[in-house]
Structures are given as structure tokens and as C-alpha cells.
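Look at the two complexes coming up: chain A is in both, with chain B in one and chain C in the other.
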Partner chain A sequence: MGEQIAFGLAAAGAIGSGILVITVRSAFQAAVALIATLISVAVLFLLAHAPFVAVIQVIVYAGAIVTLFLFVLAYLGERARRTPDRLARYQVFAWLVVLVLAAAGAIVLLTTNLARFNDAQSPSPELGSPQDIGNAFLKEHLLPFEATSLLLLVAAVGAVILAKRAVQSEGGR
Partner chain B sequence: MTGLTVAATNMPTSSYLGVSLALFALGLIGVLTRRNPIMLLLAVELMLNAANVSLLGFSRHWNNSDGQIFALVVMVVAAAEVVIGLGLVVSIFRQRRGLDVDEMTELSG
Partner chain C sequence: MQEAALTIIVKGAILVFLFLTIFAYTMLLERRLLGRIQGRRGPNRAGPFGLMQPAADVVKMLFKEDFTPKAANQVVFQIAPIVAVVAPILTLAIIPFGGSTTIFGHHVTLYGTDLNIGLLLAFAAASMGHYGLMLGGFASGNKYALIGGARTAAQLISYEVSMALSVVGVLMLSESLSLVDIVKAQQDTTWFILFQPVGFVVFFITGIAETNRTPFDLPEAESELVAGYATEYGGTKYAGFAMAEYLNMLVVSAMTVTLFLGGYSGPWLPEPLWFLIKVFVLVVVFIWVRATMPRLRYDRLMKLGWKVFLPLATLNLLVTAIVVGLGFAH
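And now, the complex of A and B:
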């Protein structure tokens, strides 16, 4: 029973703050609402037997990525925060796409005959522990692990080059 | 394992996929209707989180940690995407003193 309540609260928190992220006018408030979404989703991860992923979610997403957003918003100042209006011309098309997608997803959820889909789950207690994740990463999934490190290196070099160009275009060194 | 693991065995996989669908739809609305590139990136983060929720739901469904590995890789990709995206936003903002994806049309030929 406790799990259902925790799941319900976390799901409501994630969806409610997700609505805030896309509706508030100020980008600053949207970034703060995204933190609430990310922490609610971390609670969902904890309930899905993924404690390690939940901790990484809070540290990397809420701690680093959103902080980077807030830093850039503070750096760009008031003009960037004063967001332009919504895209009025294609609004109908956008809602049509989203409604079709949501309807398709709901049909799949309601008609699937995947085994145990609507039953209570009983995963093994070791699932998602740091030992489990570490073993899986370094024994079975070494190539994706190295590929992500290469991706991070490329992203870091790319960010430095972008920043350097921006400074040079203003006459700096 | 210590107290970190919450003994959750009650929620069915379908409830995780329902939350995932709702978050993904919200993110898609945000991407399709906003014009500020920073708001677009925030909405893309919502969609990536929706994908992670369903990956972890299925990881629990099959009692297999591969889905969790996938979710961690998605987080790394999201971090790289935000770094490059915000770098582009800053450099565009410094050159044209404004942010509106409708006005960025140099590449449209």
C-alpha cells in the first residue's frame, strides 16, 4: 500500500511540474520546475528497483545539467529570460500530433498482451544495485561505456571551440 | 543492499509506461509550441526522462539490468546535448542579441 501512495505522489509530482515546465513564461521558473520533475522521476526510479540510477539522476541531472541551464540564463540576462510568445501559427498542428501520439500510446497500453503487464512485479533484490550496474558495465557493456566516454570528450572539445569562436567574433583573443 | 532499496513490488509495468507516455507528450507539446531555444532544451529533457522511466519500468519487468545501463547512457547523451545546445544558444545570442528559433533561418537555403 505504501508503494502505491509513494508512486502516486511521485507520478503526480512529475506530471504536475512537467506541465509547469512547458507553461510558465519565464525560462528561469521553467528550469526550477524541471528540478521538481527530475526529483519526482528519481523517486519513480527508486520505486522501480534502480537506486543507483536514481542517485545519478539527482546528482547529474538536478545537480549539474539544470545548474548549467540556470548559469546560462543568469549569464544571458533579462532579454533571454523574456521569452518570445508561443508558436501561434502551427499550434493546431502541434496539438494534433500530440493527441494522435497520446491516443496511439493509450491504445497500445490498453490492448497489449505482454505477459504480466498489469500484475505486481517481484524483481530480485540485487537488481539495480551499484555492484550489479558496475558488473554489467565493465563485463557485458564495455563498448557502450567507452563510447560514452568518447562522446563526453567530443562534447567538451566542441563546447570549448564554440566558446572560443564566440569570444573571437567580439574581437577578443 | 541497505536501506536505499525500497521494496516496491506492487506497481505493474503498465503504470510506469503510463507516466512515461504523459511526460513524453508534455515534452512534445513544449518542443512543438515554444520559440525560445532554452525552453526547447528543457522540453527535450522532459522527453528524455520519459524514455528513461519506461526503460527502467521494463528493466524491472524482465528483472534485467540492461535497461538501467541504457538509462545511464541516455543521461550521458543528455548531458552532452545540453552542453552543446547551450553553447550554441550563447554564441547565437552574442551575435544577434536575441533568441527566437523562428528567426534562425540562415541554413534554410
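And now, the complex of A and C:
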């Protein structure tokens, strides 16, 4: 019962703040709503017995990434009211994509036998624990894991080089 | 052993009450100690030795006018101090104050809960707490507050990386993220500060930076930014930010004790008392540092974070990994 109440609150929070992210005019308010969305989703992960993913979601996405958004917003300032929305005339495509995605989601939901999942065995408590995830990353899927880290390193180095070139072209250091 | 829901609620209430009381007296301790270090007496008029000073401060804060500037973002401006205060209290749930004991025939563990992701939860709560300061600064509609908020964001991102890396050595030695297991691993061997001196130094100094205290208090540097992110705050809401700073200081001290100084373990005295003594010592160090060190310049602060602490923490991590990997740890 308690779990269902928690799920209801978290799901409503995720959807409500998710809608706010795309509807509020001010970028600052959208970022704040985004924090609420990410935390609600973290609660959903927690309810799905995935505490590690939930905490990482809060640290990396809600913690670090939105902080960077806010940092950029603080430096650029809010210009929401002055800039005209240049993408407004392409709105129809956005709505088309939304409709297609919603239709696809509805089809998947309706054709899946959801009741079947209730009969399935509940997952072992070890599933989703830090040890379990560590073993999966460093034993079973070592190669993709290392390839991803290499890719991220290349991206980071590339970003630094591009930024340095931009600074030099402006006559900076 | 599972505990009754009532036990957990009572335990939580007692913990929060104790924590908030200790916070009030940490503030008094800081003012008295700063006074002593600077050759003056500090507040000593309210009650014997000034012991009623925290109560007087609270009454004063509560009766101040509660205003919101016109340019502020009304909702976020109200929420920000609450976020800042709630986050450190959340961390309290996972810090072990002692082993387990029996009270009135009930089995009671002297920690809120033992999570297999404990340490990560502490980091998550800390990063949520930083939002309090950042959002408060951004929502104020004031340029000093905005600069304070932006500085908070930059400083916390820079120092959080080194802080997280500095504890990985501890995790390798204890082979667990649970704070209870980390303390038990130290009872089996010895305090981790002996194996991880570099980790300890990096963790504690970045901890001072994470609490925005002198010499890392650039987000509220009064000589340039009035009061930084808290410029537009007054009364109860300002008290929230002041409270968050001291609560964070206590949480960082408690985490340092748990990770590096053997947690609650110690001879003769009861376990929670040992814990409090160790935390007290670290809090005094915090205050001592504030009285001694001048504020860093902003570019030096960034250089210190990225060019000194990050390489140090990474090196510490590498060396520990090699030592543990080769099996020298046992």
C-alpha cells in the first residue's frame, strides 16, 4: 500500500514537472522543473529495487548536469522574453513526432500481456546492488564498458581542444 | 534483524532533535572560540557562559520581517532555504553512531538505516543541498546573489570530483559502500587514516570547500559580494541558510570520522560518546581553520581544486588500486 502511494506521488511528480519543463517560458524555471523530474524518476528506480541506479541518477543527472545548465544560465542570463521563437513554425513536426511516439507506446502497452508480469518471480534482492552492477561492468561486459570510457575521454579531450582554439582565435591566451 | 516501524520513527525523531541542538551549540562554540583566538571574549551575556545565546538568536531571527524582493522568482525563492536544510538532515539517516544495543527489551541499532549504497546517498544528498544555495542565489533577482550562486556552482562541481575520488581508496579497503560495513572493516584492521593519509587530507579539505567556509567562502565573500547567494534573504529564511552551513559542517565532520577515523569505535567509553568526541575535535579544527586562513583568490581556488587536489586524489586512487590488486592489503 505504502509502495503504491509512493509510486503514485513519484509518477505524478515526474509527469507534472516534465510537462512544466517544456511549458514554462523561463529557462531557469524549466531547469528547476527538470531537477524535480529527475528526482521523481530516481524515486521510481528506487521502487523498482534499483537503488544504485536511483542514486547515480540523482548524483550525475540531477546533481552535476543540471548544475552545469544553471551555471550556463547564470552566465548567459535569461533572454526568454526578448528572443523570438525561431523554431515556432516547425512546431507541426514536433507534434507529429509526439503523436507517432504516443501511438507506438499505446500499441506496445495494449499488445503486451501485463498481467503476466505479476506471476513472474520477484527479482532477487541482489539484483541492482552495487556488487552486481560492478560484476556486470567489469566481468561480463568489460569491452563495451572500456570502449564507452574511451569514447568519453576522446570527447572530453576534443572539447578542450575546440575551446582552446576558440579562445586563441579571439586573441586570448 | 528487522526493527519495528515505531522504533525507527522514535529513533529518527531523537536523531533530528539531537542534531539540531548540537547545531545550535556548534554556532555558539564557533563564536566563543573565534573570540578566544582573536583575543576577545565572544558572546557571554545570555545565561552562564552565554549558553542561552542560541535561543536568543533564534527568537531574534523569527521576529524579523519575512520579505521577498519583487524581482525574485517567488516560488524558488521560498523553496531554496528548505532544500539547503533538508539535505544534510537526510544524510543523518545513514551515519552510524554506534553498533546495536538493547533498550527496554527492544533490539535497537544506533544508526538510521544500513544501505548498500550508503556513501553514494551521502553524495547525492550533498549535491541536492548545494541546489539550495544555487537556486537561492539565482532566484533572488540580485546581481550579487547571482554571482554568489554561479560561484557556488563552479566551486562545488570542481571540489566534488576530488572529494568523490578521495574516498574510493576507502571503498577498496572496506569492499563496501555501506557506512556500517566501513566502520566494521576499521574495527577489524585499524583506522583508515593510516592507510589513506592522502585520501583523508583531500577529503577533509574538499569537505571544507563543500561547506563554503573560510578559506573557501567565495560564494558569500562579504568584501566583494555583500553576502553572496544570501544577499536578499532575511529573518527565518536567512536562518535556514546559516543553519545549512553548520549542519553541513557537522555532516562533513561525521563523514570524515566514519570513513577515516574509525567511526564510533574506541575503548572504555560508550560508542556514541566516542563518535561525538571525534566529531567535536574535527569541528574545532573547522573553526580553527576559519580563524587562521585568509580567503583564497578565485582563480587560485579553481587552480587548487583542479591542479592540486584532482591529481592527488587520482594518484592516491591508482596507488591504492595497485596495492589492493596485488594483495598487499591483507
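Definition applied: the second predicted complex is superposed on the first by the 157 of 173 C-alpha atoms of A that agree within 3 Å, B and C clash if a C-alpha of one lies under 4 Å from a C-alpha of the other, contacts with A are read in each partner's own complex, and residues count from 1 in each chain.
FYI, a residue touches a chain if its C-beta (ideal position, glycine included) is under 8 Å from a C-beta of that chain, and two chains touch if they have at least 3 such contacts.
Keep in mind it's a predicted model, so treat the numbers as computed, not measured.
In the superposed model, A:Leu76 makes contact with chain B only, not with chain C.
The wider contact with chain A, measured as residues touched, comes from B rather than the other of chain B and chain C.
When the two complexes are overlaid on their common chain A, residue A:Ser129 makes contact with chain B and with chain C alike.
By the touch criterion stated above, A:Ile59 is placed in contact with chain C alone, chain B being left untouched.
Touch criterion met: A:Thr67 reaches chain C, while chain B stays clear of it.
By the touch criterion defined above, A:Pro51 lies against chain B and chain C together after alignment on the C-alpha atoms of chain A. In the superposition on chain A, A:Ile35 makes contact with chain C only, while chain B stays out of contact range.
Applying the stated contact rule after C-alpha superposition, one finds that A:Tyr90 touches chain B and leaves chain C untouched.
Residue overlap on chain A between the chain B contacts of one complex and the chain C contacts of the other covers 51-52, 55-56, 64, 68, 73, 75, 129. Residues 73, 76, 115-117, 120-121, 123-124, 127-128, 130-131, 134-135, 137-139, 146, 149-150, 153-154, 156-157, 160, 177 of chain C are the ones touching chain A in the complex.
Those residues of chain A that touch chain B in the complex are listed here as 1, 3-4, 6-7, 11, 14-15, 18-19, 21-22, 27, 30-31, 34, 37-38, 41, 44-53, 55-57, 60-61, 64-65, 68-69, 72-73, 75-76, 79-80, 83-87, 90-91, 93-95, 97-98, 101-102, 105-106, 109, 114, 116-129, 132-133, 136-137, 140-141, 144, 148, 151-152, 154-156, 158-159, 162-163, 165-166, 169-170.
Chain B meets chain A in the complex at residues 1, 4-19, 21-30, 32-36, 38-39, 41-43, 45-46, 49, 52-53, 56-57, 59-61, 63-66, 68-69, 71-73, 75-80, 82-84, 86-91, 93-95, 97-100, 102.
Within the complex formed with chain C, the residues of chain A that make contact are 26, 28-29, 32, 35, 39, 51-52, 55-56, 58-59, 62-64, 67-68, 70-71, 73-75, 129-131.
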